[in-house]
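See the structures that follow.
Next come two complexes built around subunit A: one with subunit B, the other with subunit C.
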Partner chain A sequence: MGVKVRALMKSPWVFHVSAGSCNNCDIEILDCLCPRFDIERFGAILVGSIRHADALLVTGAMNRKSARRVRQLYEQAAKPCLVIAIGACALGQGIFRDSYSMVQPLDEVLPPGAVTVYVPGCPPRPEAMIMGVVKALNQLVPAKQPVEAKKEQADE
Partner chain B sequence: MNREQVLEQVQNTLGDRIKNLFVKNPRRVYFDVDPGDVVEVTRIIHKDLGARFCIASGMEMERDFEILYHFGFESEPPEGVLVSARVHLDKDKPAVDSITPGVPAAAWIEREMHELLGIEFRNHPDMRPLLLAEDWPADVCPLRRGKPWEGKVDRRI
Partner chain C sequence: MNIFEALLAFLVFPGFVFMVIVGMLISWVDRKVTARVQFRVGPPLLQPLYDFLKLMGKETVMPRGASRLAFFGAPLIGLAGAVFVGTMVGVAMFLGKGFGGDVIVAVYMLVLPSLAVIMGGIASKNPLASVGASREMKLIVGYELPFMLALAVPVIQSGGRLQLAALLQYQAEHGSFATTLSGLVALVIAILCTQAKMAVVPFDQAEAETEVMGGALIEYSGPALAMYKLTKILMFYAVPMFVVTLLWGGFGDLSAVGIILGVLKYLVLVVLITLIRNTNPRVRIEHAVAFFWTWVSIPALAAVVLAAVGL
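Right after this comes the complex of A and B.
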């Protein structure tokens, strides 16, 4: 595991972009950060700029105007950058599929393979989002030492 | 000013420019006006009678286009009244005088109706597009009946 990946996994800083969502997913993301679920204990923190972030949370069905901004944000992010699509809209445009302002879905706006994890739900529960982040982090490590296994070793 | 006073004042000042007054319920009143009178009527309701311009709403109906201008006479509940003036516009070439010179708050909603429904507002001071993307074709009005954008707008960016 390179130093870059280790640093990223120790404290994944998160940038949240709401690309025209109904705000319900955004509220659940804030729930993740609040004391009840408190993902800050894992080192994750919401940052104000994509240039400081390791992970990009996207909520909402992107419309014609915001899709360009999301692509621009991804281009500005320091790589490796995890992209976590949150909610039914970010996954497949949800009920807005046939709207006039829809373009292609998120995984086609970003380069192929850029979206790391899809968290379904309308809105997804905070537990599901935390699980999504864990799965995304697990993808970074080589197959033999996933995060959970490492934790068990530490417990022993 | 209570509800009866408001109604009486509106009817007295506007006189026969009001067509088909319809009291939907104690706090909701609708009436029709001719497209030619709409500037005068909205100016009187807003400036002379002191009502707040809430919003205007445009719709494409089966036979024509409709715009409703909603004005609120606000006071302590249960006395407030919402008065809506409605105009019917031509289906083929919807156009009406802009009320923005008399009611400045209507500027943006008229731009929006122009963009999304294709209604032309004469004498509007600033008719730039407001909401749609920069590359959206100007002749496609997305809130008209059917799906007018199909085949005309590239769905990939």
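Right after this comes the complex of A and C.
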């Protein structure tokens, strides 16, 4: 594991993208920064500018107005940048699925493979979000197991 | 001091390498104290190093239409200014050397990091960055006057000595300036100005995350942002150390007691700045300027007068 990846895993700065959510997920994200969960223990801080971000926490159900802007934000971010979809709405538009103003779910608006981790829940608990970030960071490590698993499959 | 020694002093001790180590430790102390004030656990010891290494490995984005030279030159200018001040203070304190008038040069160099923020903000061609840059300008106009008045106090008291090492010598003979009335007032004023110089709350309007989304630094990413963060870390060493040296006796005679006391003074100053930043909200820019021009400048002027009559 290179220094780059190691340092990124130790200091993931998060940027909060609210794509038209009902604010519940947003409040739970702020909970992560508060004394009870304190994600600064893992080096994560909330940044104000998209250019400083290492992980986008996207909440909300992506309506016609916000979809384009979320895509723009993703393009503006300095790579490598993880995207973490938070809450039922960001995953699959939730209860707003049949609404007139909905376009596509998040992972179809962003380039394929951009969304690293999905955290379900309405709203998800802060523990679940922290677990999501940890999973997303673990995906940065050059994967050993999947390759081996594939080999095994091929052998079979 | 020949050119080789000077380069060694600038790059290794007491310059760049030494400053980075101390600065990273002290910025961890700052974050840890902040966390403890808020009943949090706080980041691990090596967090500033991780942040720096991570930023060095990220992509650099330059906005279209930005001036390349100013956009990438500004962070380096700020960094050079911070290293220069730290080196001068360190050379005076640890080696007892310097040149005539280095106090004045240090004051000039201390403006460079703020100037870099202004330059980078304007060069990045972003409206929010311009707002941040203009706020930084106003803030400089606000705090420079009382800061210079506060620094005039030790110069007047020592009978016109303008050399850091000579001022330290004077303090070793006559006791630190902070023990006199005018020196004490000057120290308090210098602490307030330090707060603004290092751009920490309540005077971080230029980089306010909640208002202008990172302000002057909004467009910076990757290594260029790392340079700004490093400058900030170095300023955490340079500015409080400058104030301790000039007004509070520095490390004294470099005996064991003197060094322990000096480190303690420095830590007290840094923790005080951290506590001020944790117990105050960000003020509006016009309030900050008004604050510095009235509640800080008038006592600073009084301190100068007191120093002139010998108190």
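Please note the rule applied: the second predicted complex is superposed on the first by the 142 of 156 C-alpha atoms of A that agree within 3 Å, B and C clash if a C-alpha of one lies under 4 Å from a C-alpha of the other, contacts with A are read in each partner's own complex, and residues count from 1 in each chain.
One rule holds for everything that comes next: a residue touches a chain if its C-beta (ideal position, glycine included) is under 8 Å from a C-beta of that chain, and two chains touch if they have at least 3 such contacts.
Model, not experiment: these values are computed from the prediction.
With both complexes superposed, C is the one of subunit B and subunit C in contact with more subunit A residues. Of the two partner chains placed by the overlay, only subunit C lies in contact with A:Ser49; subunit B stays clear of it. Of the two partner chains placed by superposition, only subunit C is touched by A:Asp38; subunit B is not.
Every residue of subunit A that touches subunit B in the complex is listed here, in rising order: 63-65, 67-68, 100-104, 108-109. Residue ranges of subunit C in contact with subunit A, taken from their complex: 31, 35, 38-44, 46-47, 50-51, 53-54, 56-61, 208-210, 212-214, 217-222, 225. Those residues of subunit B lying in contact with subunit A across their complex are 132-133, 135-136, 142, 147, 149, 153, 155-157. Of all residues in subunit A, those touching subunit C in their complex are 3-4, 6-8, 10-11, 34-35, 38, 40-41, 43, 46-49, 51-52, 54, 76, 78-80.
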